[in-house]
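Here's a structure for you.
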Amino acid sequence: MIQGLKIVLSVFFITLIGSMILGVIVAFLRLSKNKLISSLAKGYILLLRGTPLLLQLIFICFGLPILGIVFDRFIVAILAFTLNYSAYFAEIFRGGIESIDKGQYEASIVLGFDKFTMYKRIVFPQVIKRILAPLSNEVITLIKDTSLVYILGINDILRIAQIASNRELSLVPLVQVGIIYLILVALLTQAFKCIEKRYSYYR
Amino acid sequence: MIQGLKIVLSVFFITLIGSMILGVIVAFLRLSKNKLISSLAKGYILLLRGTPLLLQLIFICFGLPILGIVFDRFIVAILAFTLNYSAYFAEIFRGGIESIDKGQYEASIVLGFDKFTMYKRIVFPQVIKRILAPLSNEVITLIKDTSLVYILGINDILRIAQIASNRELSLVPLVQVGIIYLILVALLTQAFKCIEKRYSYYR
Amino acid sequence: MMITVKNLNKSFKDNKVLNNISFELNQGEIGVLLGKSGAGKTTILRCINGLEEFDSGEIIIYKEITKTSKDIQKLRGKIGMVFQNFNLFPHMSVIENVIESPINVFKIKKEKAIESAKEILRLVGLEDKLNSYPCELSGGQQQRVAIARACALNPKILCFDEPTSALDPDTIKNIITIMKKLKSQGMTILIITHDVNFANEVSDKIINIKEGIVEEIKKVV
Amino acid sequence: MMITVKNLNKSFKDNKVLNNISFELNQGEIGVLLGKSGAGKTTILRCINGLEEFDSGEIIIYKEITKTSKDIQKLRGKIGMVFQNFNLFPHMSVIENVIESPINVFKIKKEKAIESAKEILRLVGLEDKLNSYPCELSGGQQQRVAIARACALNPKILCFDEPTSALDPDTIKNIITIMKKLKSQGMTILIITHDVNFANEVSDKIINIKEGIVEEIKKVV
Amino acid sequence: SDNKSKEKKEVIIGFDNTFVPMGFLDENGETVGFDIDLAKETFKRLGLDVKFQNIDWSMKDNELNVGNVDALWNGYSLTEERKQKIAYTDSYLDNKQIIVTLKNSKIKTKSELKGKKIGTQQESASFEAIQKDSTLMNSLDGSSPILYDTFDKAFRDLEIGRTDAIVADEVLARYYMSQKGENKYSILKDNFGEETFVVGFKKDNTVLKDKVNETLKEMKSDGSFDKIYKKWFK
């Protein structure tokens, strides 16, 4: 169980950081005025949202070796998760960026900010407040999706519990793992609530 | 394959409608000023986002029969999916409702709208525009999550492809099913783009 | 008395914004709130409209005694307001903004509502912008839509928060005409403005607010 | 010449809003744009600030000839603007709103920026609101923050879109003082207003706009 | 469900439709396989309708226990643990847990698996067989075999080189090897024990168990069992 939990958490944290960063980049490419760049970003998002994560895992793990590209199975998991989630985060970021009042961009331009400063100081702080709810959805989905690593032969907590449940003819192991997830998600929910509070000083 | 596609689509559409409606209701309960009601809604959301959909399916399918409640497998799937997704949609709706400018609510009050009219005519049309991006994420996740029905022994397309891949020792069936998903998601993306366009007449 | 404000007190945290505000206004009277920026004028209007909870005091609308914003909100449709920052509905065209409340609150037939809306929009000089959206309008045009929207509601009491701030002298004249017409129909009107000429021309009573206190109430003749 | 606008044309779809607008303003001059609501005044300022693409014509800033909004945006920090609807940064306090640009664009030390910000906020009468957030301010207070924010940038050219619409006569006097001081420091200022007295008092040149055309340019002495 | 199946005269059999060649979906979406044919024949003789319910194999004992299915018949290995919990028929087929390596592998005996990576299916008899040999299991790289949800992935990783050997049911392994080309692999002489395939029922459902047991014996003696066996195992 502890072993499984370690897997869950390490896949979760590494993916979270990687896919957020990648997501921001993809969101900007998607918003680019250059048609080619934005089409490429759209294609990337379509491909990664368009196919099940399960298949992406299988392709990277068992498909790429056909082309002679072999990764360690943990690397495979991280890679697939990061790419997959970056597409979802990118869409959320894009929506957030587009929803910020035009006046905020205009004020930034008139005050002489360069793009980087504008996004860092003016746009993103407001975007974050606005996208917290969908972000929490996606992050919570991520922590549960980590269980998909079973397909690579890595035993996560859910799989371990399923096997135990079947062996012992009892739903207790599943209840246990359910509680573990519940605790993890409760912690995440709490973290999001804190961020929400931190941003509640203005409307 | 056709059979599997039917399963995917019927679970998808029934869940989509059911969980959206339920999601709106839960979002309002969550926003209620009555502490008890909003805590209950919070608990509901925590429980359903906090445990994997897989476990929810298993509990409804194998847990409830212990209490003497037996559903048809398909009903189990619909029930679990609808409950699960309603929690995610509720959070998105809540975020959207909260992000609408206070002035819009005040104008509605001053113009004498009752709550129902206010939400129907003023708030929701603006919320929809704002939450399209996270909504598309969730809907796309849903269409792929339908494959979890395999746990109930229902053969969806992904499962059929996995079986074929296992039988024929080939990744081709998986590529095929990947393409089917890609087409479905491309259609959904297109639908969302249309809605986005329909709402682009104002800022 | 149509509006009686009695000993109204209101603080934001430890910033005492309204200090024992009292005044009254008869039916068919136009009152003007004058005062420096930050004196508390908008806050008074917001209290009267049930948009802001007040700490103590009462607001009597006709004979209805109200002590909380909830009480006031029950008088739905009887008190209208034009906001300092307009609060137009961005997803609705000019005409839709104006007809929305008559149709939904007063259940007036759509054709009739459109007709009246067109009339009032003509009066404020927006006859050629009926189908524009708020984001396509100039500041003053938005302000006039807000005025038209509030007037179309045809409430017993109408509050204007600086209704002419973005308007040119000619247009202000039209607005004065409209206000006088509403008054002659028996509407009670409360206006915030910084324009002393405008105040003198339009009002029956000027209420001077200074740092949350009623400094002076002056009848205009 | 600090600003030269030459044959500026601009349409929104088939609504021709600016029709061959031409005028110029010397360094250290204050120009006022007068005109009815919807005449096109805001659109002119937005073109000068690079916020709106224009169809034809050119805007020459000092000796820099610009024909697109991109060109103008390259003059980053040289032209400032106070918006008709303020566009304050809601997540920043009053003082943060004011120091943000000096610190980030002109790389002024934080302490120095705060000092100057406090000074300018004192001039507009907001010394007791330094740490308030925009949502906690009255309309006129927000407007003054917008003015302070634009002045703190200390640009070569400063545009004001109805800077006194929400202000009382006393506060307006302070604003006039500030503008004259800026002018004496060599700043070129372009103001939209509906307040003819204010225009006469403050300006060197009045440019009358009527339905997108320059109707008259008047020197004030 | 005991009563229910008698009323409806229908027996529901749980099986894993990835388990070639015992029971699986063919390319036409038909449920086929050795066990499937065997069960069909058995229940025909018993005058009962039979329905094959695909289940997630890792949930098989739960499915049986809850009563969603009446029997598990799909290369179901009898283990000591299961003996306590279910009713089961006599063995109808013997099975071995064999060790498969690539042809050129240096591994020739079971003891050489020490420190190596081996793959097998999760929740399978093969895994249980490995677990029984705890010293060997602890000597493996990672102190555990790598567990896949389906065997094709185990074979892929063996080829890719992520693992050094596979432990699998003989019937299953032979199927995959025949698909991939037998000459690519070698089977070690050592194995992880022999065991038997049985049909499993709910503990109290001995009536049905006995009937099936009788019929299986009958089919063995009249040659119909052999016919089916030959159809699926050359």
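Chains: A, B, C, D and E, in written order; residue numbering restarts at 1 for each.
In this text, contacts are C-beta pairs under 8 Å (C-beta built on N, C-alpha and C of every residue); 3 or more make two chains touch, one makes a residue touch a chain.
Which protein is which chain? UniProt says A, B = Amino acid ABC transporter permease.
No experiment lies behind these values; they were computed from the predicted model shown.
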item: Contacts common to chain D and chain E (chain labels); value: A
item: Touch-network distance, chain A to chain E, counted in steps; value: 1
item: Far-end chain from chain D, centres as C-alpha averages; value: E
item: Averaged-CA centre spacing for the pair chain D and chain C, given as whole angstrom; value: 29
item: CA centroid of chain B to CA centroid of chain D, Å; value: 48
item: Separation of chain A from chain D, taking each centre as the mean of its C-alpha atoms, in whole Å; value: 43
item: Centre-of-Cα separation between chain E and chain C, whole angstrom; value: 80
item: Overlap residues in chain B, where contacts from two or more other chains coincide; value: 58, 62, 66, 203
item: Sites on chain E at which at least two other chains make contact; value: 59, 62
item: Residue numbers of chain C (touch at least two other chains); value: 85
item: Contacting chain pairs - touch in the sense defined above; value: A-B, A-D, A-E, B-C, B-E, C-D
item: Contacting residues of chain E [partner chain B, same complex]; value: 14, 17-18, 20, 24-27, 29, 53-56, 59, 62-63, 66-68, 150-152, 155, 176, 179-180
item: Footprint of chain C on chain D - complex, ascending; value: 12, 34-38, 41-42, 84-85, 125, 136-141, 143-144, 161-162, 165-171, 194, 196
item: Sites on chain A touched by chain E in the complex; value: 58, 62, 65, 70, 73, 150-151, 153, 155, 159, 162-163, 165-167, 169, 171
item: Interfacial residue positions of chain E with respect to chain A in the complex; value: 58-62, 65, 81, 85, 119, 122-123, 144, 146-149, 153-154, 156-157, 160-162
item: Residues of chain B touching chain A in the complex; value: 46-47, 49-55, 58-59, 62-63, 66, 88, 91-92, 94-96, 98-99, 102, 130-134, 136-138, 140-141, 144, 147, 158, 171, 174, 177-178, 181-182, 184-186, 189, 203
